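I have a structure I would like to understand better, so I am pasting it below and will then ask my questions one at a time.
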Amino acid sequence: MFGSIRHKRSLVAAATLATAALTLSTLPAQAFSPHYEVGVSASTIKLGITIPLTGSAAPGYNKVPAAMSAYFNYVNDNGGVNGRKISLVVKDDAYLPTLAVAKTNDLVLKDKVFAVVGALGTANNKAVASSVNLGRRGIPSLFINTGYSGFADKAKYPTTYPLLPSYIVEAKIMGQYIKDNYAGKKLGLIYQDDDFGSDAQAGFKAAGVKFDVSVPYASGSQSAASGAAWVGKLKAAGAEVVVVFGVSSATGVALAASAALSYKAQWILGSVGGDATTLKALGVPAAILTGAQGASFLPSPGDATDEYIKQFQDINTKYNAGAVFDNNVLIAMNTAMLTVQALRAAGSNPTRAGLMAALESKGGSFASASFSPILYSSSSHVGYTGYWIGKYNSSGVMLPDGGKYTLYTTDSGAGAVNTVASKRPAMPAKGLPNN
Amino acid sequence: MRLFSTLLIGLSSGAIYSLMALALVLVWRSTRVVNFAQAGQAIASTYIGYLVISRTDNYWLALPVALVAGALIGALVDVALIRTLNKRVKSGPAAEMAPVIVTLGLLGLIRSTVGMIWGGDLKAYKAPVTNHGFTFGTTTIPFSPYNLLIVITAVIVMAVFSIIFQKTNLGLSLRAAAFQPEIARLAGVRVDLVRTIGWAFAGGAGAVAGVLVTPSNSLSPNSLDLLLVLGFVGAVIGGLESLLGAAIGGVVLGIGLAFILEYVSTSLAFPSAFIVLILVLLIKPSGILGKKGGRGA
Amino acid sequence: MSLIIENLTVRHGAITAIDSLSFRVNERELAAVIGANGAGKTTLLRTLSGLNEPIGGSVTWHGESILHTKPEDLVRRGILHVSDGKTVIPELSVKENLALGGLWRKDKKDVVVATDEVIDLFPRLGERLTQSADTLSGGERQMLAIGRALISRPKLLLLDEPSLGLAPLIIDQIFQTLDSLRHKLGLTVVLVEQNAMSALGIADTGIIINLGKLVTVGKSNDLKSDPNLRAAYLGY
Amino acid sequence: MHKSRSIRLLVFIVIALAAFFLSNVVDELRVFQGASLSVYIVAIASIVLLTGYSGQISLGHGALMAIGGYSAVLAHNHWKVSIPISFAIAIVSTAFFGSILGWAAARLKGPYLAGTTLALAVGLPSLANQFSVLGGEQGLAFDVGAPPKSLGSDFTQYKWYFWICALAALIIVWITQNILTSRYGRQWRAMRSAPISASLSGIHIGRSKVLAFTISSGIAGLAGAMLVMTLNLVTPSAFPLSLSFAIVTGAVLAGVTNLGGGVIGALVLVAIPDIADLLAGKMGGAEKISANLPGFITSLILIVTVLLLPNGPKLSKLVSHKTK
């Protein structure tokens, strides 16, 4: 009841806001394009993204906007979306919530984008959703790049659409896999000592996995010296299977230290820190990565036999020259392709409300590289929910055990972990959505 | 064995903190500026070293090239920026803050420039010797030939500095100009030139620290930020005025952090660096080598 | 035809510390500048040695202007400024303080000779060469400051209150040494002093200034015996 | 004295009316920037009082803002207190922490004080991660609710934030101005310009410095509470080192001794990123260039401004009441 009053109030507010916006800001534009939504014109659709391009969080993520633009340009060159070309306005938030709010305000109020796509970071997205008041303004924030489970709460974040499976889901699935395959072995865990890591711990706990040795590290503190200390602890405890639930730099430090210390264990890398290209750039020897396992919801970016990967690699070569095709580029292209499908589904004269309605009704059928289905519905904003577990080969490509993808799915709560045969829509011809 | 290997690994990371601390102290002594841009100067020099390595695959060429580049950058910063600053901002309440802002601004400027030239991606290059730990019998310790190389290089740099400072005329001028610039002037020391040389030395030390630390981490426009902060902590532990203090402060910090990592908590090592700093400042404000009351009035 | 100061004016913010001051000091002469506290004596010396910038006037030494020149360049032209005991660097050893005087000189052989001369002149410095200058007494510091200047082989010595804070016995010593030195080495000296009696005792010329302005110039013997000046400025 | 105080009050009321009138004219983006402006004005005021008057340096006021921010949110969320009360709690708790810090800081000078406060700015927010009650990296939501209905239905959320922030800023600047012209303000100035004679004339330097640090911290705490209100969230990453540096920069750009100049400093801080973005957009270029150009331009503007106007713009003298 409380919710409905609130809802009504926000509806009234949204309506009045829309009226005010119409009478105030769009007066001159009205004469020319009376029935186009904000950010849409006869020939273009304007989207926006906030992501760190500079600062210590930038490496890796700074490749995302260019890769998204590359895919959009590819689509634009092939007729666009219902004849409209997509443009992406990129804003650097340096991974700071204050900047994310200010830059999203710029996107919404100055650049007047149709929707925000692929914005990065848990705290940033929380601050943006609430302060910029995306919900009350009815501005969609699509496919946000974070594994925090709370964004699936539609009542709290009515216009925010998370894509990635949550960290809890990932940990639960890893936990189940460990129980199935490494029962009785001594287990170790390296995790980041913040929400990221506590989500992981919650997931492992839900899966009923207990680690013999846990090594927390403070975000940003990882160095060669800390790597040595972590591995020392794992070694002392005799851990045989070690999960690294950390960012790339921490994963790299741990693997490099284990190489330096001749410490052999079965490594299982979380998806956040498991990008082989980044790990190699961090100086991890190929020998130590070979045979390590990892969890992922996307195919390995190095697996050119995958139809999605192959197509994306082609587009990357032609439209994003010079960029190494890694996990970040893959996620960016995948997000961009989902965006194009959402825009197509929204019809020939897309509105923000129409876009979100289309996402909720048809999102589950969109073609995407992930082996996991997308669960968007009128009652849920949960995106991907599944992972597959694979092994890195000697050239850093992660491939499924036995060559066949087995998908594990679960939820962020107490639900069981299920294995399902992986099924995903085929890549549309030439990578151009035809939904 | 565990004790011994923790000590060694702390020594190796401490050696790098010491070099950064040394750079900060050199500038502080000669110009009374805490040079936040030191991390920027070091990152630019390290990228130049990276350029040499990626072209020639020769670490031993990259190290001196980066050192010289660092020295030149340091000298340039002093001549182009700090001299102007000192001329324009002589007194007033802004006098203490202006150098902070100018060096911070410079840090941003250099980082952005580096980003424009090399992009924001992670770069890496290999250590010239293996970073596979030494093995005694069946035990492998984390301390590797590369760690040994770091310690030796740092010791050489510090030994060269100490000889220059204690035994040469240039060193005497440097010290005189640092302690009492006006009197040094009246004795005929070309204080401006000597200061610039001090900045150059600092730039060189910072560059060596950057080139040494990078194979263990990776290279990006922000990758030496942590080193700057830890170098500063080391410098303050050592008393900020003394080169020997900086060397010892850095090593003490490195070993201290290694022991906290090994024996206390892997996640508290980072915050504890700051707790150590605050404790040192409150308990023995002049640093472990400083004179009594050095930091008050 | 030696040190000529004309209409020199120096300001500290709103305060005019030296106001159109003109006088001259001949070569090999010792001129004592006398005045009360705040008369502008120290500012005068700091301007002559390049530490302060004047806003007007001219100063020439052997016909060439010495204004707007860095102190370290004036040192190379033989102009040495020794302010009271503060002119030593306490963080350095006695030996290093002395060495500073010869650092810039090309003739390293003469630096060695000059250093030996200074140690002969002030044996107490010789005994304390390796000590930190911090440990020296006031008189010893004064000796060290003068000694360091001598190693630079000065032609024009600017001395700021060498008697400040010293015991009368030591003041006499210093002044005697100074007197014999300047004759032996042919130095031109500008000596700023509050201790007018001692200063005029060894000076050729006396220059009395007040509030930055010249009061009078004269032979030191004449000034000493002028009853009006004695009462007003010389304090005895 | 009495007359000048009533004139000053009048000036503040006029500014307040002008600000509120302006908020009805300009677009939403400017209204939000007006709220950010108010946050900076308060933060800069805390530095002006500390550095410009008592002569102490702090590179760690971002950490104090964090304390204020967390205090306000915890009070609001746990005790359901109103916004003004939660702001007051932020001021008091930060001032309390500041008094402890100030006691320690009074023993330090120059770079050592800068270093200690710097350590605080780096260390304190990362410590917040250690306590689950503070919400970790994701932080705690801070929802002050929609504006009251009585303000009309077209009264936007941002205008509401702006009104709250602007009012808080005006009140605190007015109070600060009165503190600075009071006995304490004169003591601090005496202490800064001539510490020895100040102590001879009976000013207890240590106590006086601690008092300055305490008041300055309280003001910074308020700025922190205002900041998290505009963000709707309190999280460690809202208080990065760059925030501490930004407010010090704003204070210097304003001329450190000038409270009124703080408006200019805050304006510059809010405007610089916009200007840099605009310039970068005009220049264009490859992606790695365009990503780094705003940072480059911002840094350049900072350096050039400090070199050209080390004691703040002369204009600031016109804006403020003479405080020297």
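We just call them A, B, C and D in the order they show up, numbering each chain from 1.
Quick note on the criterion: a contact is a pair of C-beta atoms (placed from the backbone, for glycine too) under 8 Å apart; a residue touches a chain by one contact, two chains touch by 3 or more.
Computed from a predicted structure; not experimentally measured.
**Q** Enter the minimum step count from subunit A to subunit C; a value of 1 means the two chains touch.
**A** So the least number of steps between the two chains is 2.
**Q** Could you name all chains that are in contact with subunit B and with subunit C at the same time?
**A** none
**Q** Looking only at C-beta pair counts, which chain-chain interface has the most contacts?
**A** If you count contacting C-beta pairs, the leading pair is B-D.
**Q** Taking each chain's centre as the mean of its C-alpha atoms, which one ends up farthest from the centre of subunit C?
**A** A
**Q** Counting only Cα atoms for the centres, state how far subunit A is from subunit B in Å.
**A** Averaging C-alpha atoms per chain gives centres 38 Å apart.
**Q** Distance from the CA centroid of subunit A to that of subunit D, rounded to the nearest Å?
**A** One centre to the other, that is 35 Å.
**Q** Please tell me the distance, in whole Å, between the geometric centres of subunit C and subunit D computed from their C-alpha atoms.
**A** 52
**Q** Calculate how many whole Å lie between the centre of subunit B and the centre of subunit D, each centre taken as the average of the chain's C-alpha atoms.
**A** Distance between chain centres, rounded to whole Å: 32 Å.
**Q** Please list all residues of subunit B that touch 2 or more other chains.
**A** Within subunit B, residues 111-112, 115, 119-120, 270-271 contact more than one other chain.
**Q** Listing for subunit D: what residues touch at least two other chains?
**A** 126, 130, 291-292, 295
**Q** Write out all the pairs of touching chains, ordered by chain label.
**A** A-B, A-D, B-C, B-D
**Q** Flag every residue of subunit B that touches subunit D in the complex, lowest number first.
**A** Those in contact with subunit D are residues 28, 34, 81, 84-85, 88-89, 92-98, 100-102, 104-109, 111-113, 115-116, 118-120, 229, 232-233, 236, 240, 270-271, 273-275, 277-278, 281-282, 285, 295-297.
**Q** Under the definition above, what is the set of subunit C residues touching subunit B in their complex?
**A** Spelled out, the residues of subunit C in touch with subunit B are 49-51, 70-72, 75-76, 80-83, 86-92, 96, 99-101, 103-104, 148, 152.
**Q** Which residues of subunit A touch subunit B in the complex?
**A** 53-56, 58-60, 62-63, 193, 215-218, 220-221, 223-226, 228-233, 249, 252-253, 256-257, 259-263, 278, 281-283
**Q** Quick one: in the complex, what on subunit D touches subunit B?
**A** 51-52, 55, 57, 59, 104, 107-112, 114-116, 118-120, 122-123, 126-127, 130, 192, 195, 245, 248-249, 251-252, 255-257, 288-289, 291-293, 295-296, 298-300, 302-303, 306-308, 310-312
**Q** In the complex of these two chains, what residues of subunit A are touching subunit D?
**A** Touching subunit D: residues 9, 12-13, 16-17, 20, 24-25, 53-54, 62, 65-66, 92, 94-98, 101-102, 105-106, 109-110, 122-123, 126-127, 130-131, 133, 136, 148, 150, 193-196, 198, 218-220 of subunit A.
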